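Just below sit the structures, each encoded as structure tokens.
Heads up, the next two complexes both have chain A, just with different partners, chain B and then chain C.
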Partner chain A sequence: MSLVLGSVVLGILSGGIYALMAVGLTLSFGVLEVVNIAQGMFVIAAAYLSYALQRYWHIDPLLGLVITIPVMFLLGLVVEWSFIRRLKQDRVMLSILVSWAVALILEGVVGLIFADDFRSIHSWYVTATVPVFGLYVPDIYLIGFALAVVLMGLVYLLVYRSRFGAALRAMVQNREAAALLGIDVQRISTLTFAIATGLTAAGGMLFGAIQAFNADSNLDLISRLLIIVILGGMGSMGGALVASVGLLVAVNIIAVTWTPNWSTFFFFGITILVLVFRPQGFFGAPAARKV
Partner chain B sequence: MTSVKVCCMQYVIAEGRLLGGRIGGHAVGAGRKCAAMTAAPASVTIDLLIKSDGGGILLSIRRQATTAMFALTASSLLIAGCGTAKPAAQAAQKPVTIGTSLSLSGDFSGDGKSIEAGYKLWVDQVNKHGGLLGRKVKLVVLNDDSSTQQSLTNYSTLIGTDHVDLVFGPFSSPLTIPAEQIAKRYGYLLPDPAGGAPSVFAENYDGYAYAKPASVPHNLLGLGNLLMSLPASERPKTVAYATSNDPFTEPQLPPLRKELEAAGMRTLYYQVFPDETPDLQPEALAIAQTHADAVVLGTTSVPQVQAFVQAFAQQHYNPKVIVATSGPDQGSAFSSALGVANTEGFLVPIAWTPTANSYQNKQFIQAYIAKYGGTAASIPADAPDAYCVGQLVQELVTKTHSLKNADLIKALHANTFQTVEGPMSFQMDGAPAGTHMFLVQWQNGSTKIVWPKDSQQASLEYPKPAWH
Partner chain C sequence: MKRPSTWLIAAVALLAALVYPFVFSSTEATTIGFFALLYVGLAASWNINGYTGYISLGHSAFFGIGAYTIALFATRLGLQGGYGLFAVALLGGLVAGVAALPLGFIALRVRTMHSFVIITIAYVMMLQLLAYNLESITNGPNGLGVPQPAWSGAFFNIPFYFAALVLAVGTVLLSAWIRGSRFGLGLMAIRDDEDKAAGVGVDTWKYKLTAYVISAIPIGIGGAVYAYFASYIYPQTVFDPTIDLGIVLSVFLGGTGTILGPIVGALIIQPAQQLLTLYTGNLGTAGWDLLLLGALFLVVILLMPSGIVPSLVERARRTSVREAVTKADETTPGAQTAVGGNGTS
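Right after this comes the complex of A and B.
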């Protein structure tokens, strides 16, 4: 397989993983009007959880998701109850500040427990590969992409094929009207934030398996996740997936055919262009707050 | 503590009282009146610097003040300072304060903490033997969070506000440049363990000293000599290079490339990647597809090396030779990140090894293990780098019988200094005058010197074994 084609394959697979990490961010904004800057730190905290389960209790990171997803879900409940539901006005702006504070608190706690040393998650499927026309596709990327498709599919079903989802969508259309119809708006909000946080368990495990991390890694990660969500359209789950895959493929192609320096420039340059000429993202205003 | 600087005049205030300061380069002790205060300029600049302890906040307020304001402020300061003078005898007994700014958090925290360990060890040792000129040494460490801006702030605070006697350098060239600018402004000696990039020497400050046996562009040249020592039929034929755009790593590759190409080793890949790139899969994939015999990585950290190795292993690509500029020199941090099996055959240029027969090396190792535990093999390379800085200053002070930075700077260029990394001397821009570096290879879980020949502890393991 040619170098370019190989880069495209790896770009698609890693794009899926980044989309999984970003989906919670877009869900929070779409439903709650909360720009959750702590999303990157949630991913890193989940990576540490997977690392700790494997390191100290010898639990395989994939199997460990049975534990880490509920733990992260509970963390989401606590954060929503403690901070997010207190925001009654100007939620978008205030949520940026509040979630940034949450990220700093979490970063401090994680730093205290694990220090600043870089960690990584090891398992047989991290280095194992599947040969595809001369390219060795790492199992971890295939697993990650599959996990992203499954989990994002489940979220889609939850939003569009369940009573909970119907209530949620009603709330997105008109929060006050939904409350007047008897929908428990507060409960839906809490559960949505907790689900968005719970999803970071899978993203964190994958992130920790594909690259070394420490608590500081959240800063770079959140900037990338925000770019993905901005390009896709804040609140658009499908947009996040398309933007993530598109960006990673483009970045990889530029890196192998031209220079890695320009691939990074492209990543941030395209964001500036989109913000100037299409601030609502690729999926436009009508889709901007649809989940 | 607050520093108030009025043009060329500077005062240190704590809890609203003047402790001391400088006017026109002359120290003003607390309670001393100074004639310079009466010569108030028509318009002055007042800086208020609120001290930051690393990750904290720097509040800088700059305002133009009128003569009246100046006079009022200056008078208030002098009045507030009256009665706080310390006896001369007490001042003579106070410790020699050495300030430094280190990356105790952020991207360079691994190296920063190792540097801190080396500095503290030297302070322990020098105090155990009577200190500097009979005075105990006290080390003040501020955290720069791996930020160039914070490095600038910290050295401004240490020198301009805290008036430390001496300063030691930070970790890595990007953070050294602002430190060097501040040291230059105040005329302080800046001995440094990790700022070897050409951009640091471009400042042309004679008070700067990169405390290493050789400057950065010489680091990898040993590899060229080593490969040329192989039988012609066995030498690598092709080479792939990838380097971070970091000012420490990037200058190391071109001299080696030139040397290897002159010896007939073709370059199949040469790319520079941004240091902050989190995903190195595309670069690693491109290198793997060249099937080059040798790989030269200009990496700045263990995670970068790990990212390349993971991708190479995934692509079943096993070069015969692989060298990295940084990462494999981090002892157990490197082997635990890659797994001991995958360290086998990795090469890295270093200035220090536990087995080198250099000045006080045995004492350093014994003291390090006694203080921090572990083994000689697990000592990270940054610790002896930092220790050298202390040794250099100690020799300078001993030779000059002075703690004045001007005296130390003058002596810096007139002498050769013995350190755990071997003898060192310095050019006027701070670059080391020597070219000696070791090339070590990971073999059976520890590093062995494979170059130069006269220090060789093991033969080159060639080709290196496949990844696990």
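Right after this comes the complex of A and C.
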């Protein structure tokens, strides 16, 4: 029984970390109408960045965020400016293909630099553990959860308590109307995409610390993130958090009580089952956006 | 496919495909030919579902189902390798079609494009996990073998090449027939505006599901033929998102919703990809192929979002209009103002 409780705690903690990785995805969708398949690869690239900073310059991964967040933010700016902005019609579909291509290119570049052996980010707080109901939870989960809460809190403040956020939410409701009201739609789009990409710096650092990764990991990761985002309801930040925590608690319980082999299967299976009865996800508006 | 010139081009292309393995008989050349034709079949098949505008990134699920069907069937029944196994490949298509019914049922319930795409990606992941985990059936990560035929040397590839050719031609004909039919018209109406299509009496739900199931069948056959050719399959080699990438890239390069598009796309992408892995593989730098593939994909989508075939057709149409206009100018001096005066009227 205590094992189950422990797995619930672990599920909540890792759910927070996954939500942090997924929040940029749902934000980009809401504001830019873009499904960013490259988000998974951004996370992996950020993980490599943290890894390289620590390995070659001996910069602590947490401290390194001061460098990696701006770098990823810039990458987001570049990608939005060079590719996403060019998509005028059929944005949802074409963005999927364009961002997939971006992911492939990044994967190729990372593969050229680091080859395909698995890497992981080490630090004292990755190896140290705290006992929680009979499970030994690495400190990084606690730090990661705290970091996720802080960063998502900041995003929440930005979206719901700032002038920028007001413009952003107006765009989510109606892009054309927002543009007519004098909102600089292009600028908000670019910044949103860059912020979403910047957040992957933190997500990547945590991802690299909680598990070994290589460039190929991005496919598995993006599938999970997309699943979290549609279960929560595309475009809903709160939904992504609830879905992420819910799914990870569920799969952790399955892993502890039954077998870890099937936990990932149920990660996808539960979502698909939910979507049969609630096609718009937990917090999505029913057939909100006709595509 | 009505004008005689179309038939002529088709006949020449078919003839070229028939003599190709005898002109270029090296194993490398026939392997490239096999993959090119296999992907013509896969892409044309995928495009049947693509007529509805619902982009599936998970049709490798059916590829894998077909592959595992032939492997399981042949090993369990102790079948020998030989021409007979190509008949078993058809069974792979059948099983894929049956599996597509519930999968399509669920994926199409979510009416938004993005959710559909994401669910189809999840299907590949789920089936791959099933293949890993159901060890008693699939032999898990160790994979399954398919009994091999006794063909030897350079001849080995020839039967596979022609099997892929039959699949390619059959699927293209099926796709062309559907496109010209009332059913195909309904599918394209769904692509243009699903609500309006329903409004004018298209049973959109039934149409979409039918297209989804039909498009799974040739892909299942293709997976089975591939498994037989490859002789050994693993969960990650047949339930593989890069197969989806190859299919989707081919269709988009050639032009979605057209009959010729997937053919042209696959005939460009596959040989390029095969040659690329052949050469970059030797350099030991596996990153280059992804990099180039991604760059090609970007160029295609950003510069020719509708694909090669529609872009060329559009260009040809414009040239012929321009020619007609020039001709008109020469005969009637006043025509210039009549044609150019659109803006003022």
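Worth pointing out:
Everything that follows uses one rule, which is that the second predicted complex is superposed on the first by the 275 of 291 C-alpha atoms of A that agree within 3 Å, B and C clash if a C-alpha of one lies under 4 Å from a C-alpha of the other, contacts with A are read in each partner's own complex, and residues count from 1 in each chain.
Heads up, the rule we're going with is that contacts are C-beta pairs under 8 Å (C-beta built on N, C-alpha and C of every residue); 3 or more make two chains touch, one makes a residue touch a chain.
Bear in mind the structure is a predicted one, so any value in this text is a computation, not a measurement.
Model built by superposing both complexes on chain A: chain B and chain C clash.
Contact with chain C, but none with chain B, is seen for A:101 once the two complexes are overlaid on the shared chain. In the superposition on chain A, contact of A:83 is made with chain C only, not with chain B. Note on chain A: of its two partners chain C and chain B, the one contacting more of its residues is C. Look at A:29: by the touch rule set out above, it reaches chain C but stays clear of chain B. Look at A:212: by the touch rule set out above, it reaches chain B but stays clear of chain C. Shared-chain residue A:230: touches chain C; no touch with chain B.
Of the two partner chains placed by the overlay, only chain C lies in contact with A:268; chain B stays clear of it. Clashing C-alpha atoms between chain C and chain B appear in just one of the listed stretches 117-125, 153-161, 171-179 or 297-305, and that stretch is 153-161.
Shared interface residues of chain A (contacting chain B in one complex, chain C in the other): 111, 116, 220, 261, 264.
Residues 53, 55, 57, 106, 109-115, 117-119, 121-122, 125-126, 129-130, 132-133, 194-195, 241, 245, 248, 252, 285-295, 297-298, 301-302, 305 of chain C are the ones touching chain A in the complex.
On the side of chain B, the complex with chain A involves touching residues 104-107, 109-110, 113, 245, 271-274, 276-279, 281-283, 285-286, 289, 301-303, 306-307, 310, 313-316, 333, 337, 339, 467. Residues of chain A that touch chain B in their complex: 3, 6-7, 10, 14, 111, 116-118, 120, 122, 126-127, 129, 135-136, 138, 210-214, 216-217, 220-221, 224, 251-252, 255-256, 259-261, 263-264. Taken together, the chain A residues at the contact with chain C in this complex read 29, 35, 83, 86, 89-90, 92-94, 96-98, 100-105, 107-113, 116, 215, 219-220, 223, 226-227, 229-230, 234, 261-262, 264-265, 268-269, 271-272, 275-276, 279-281, 287-291.
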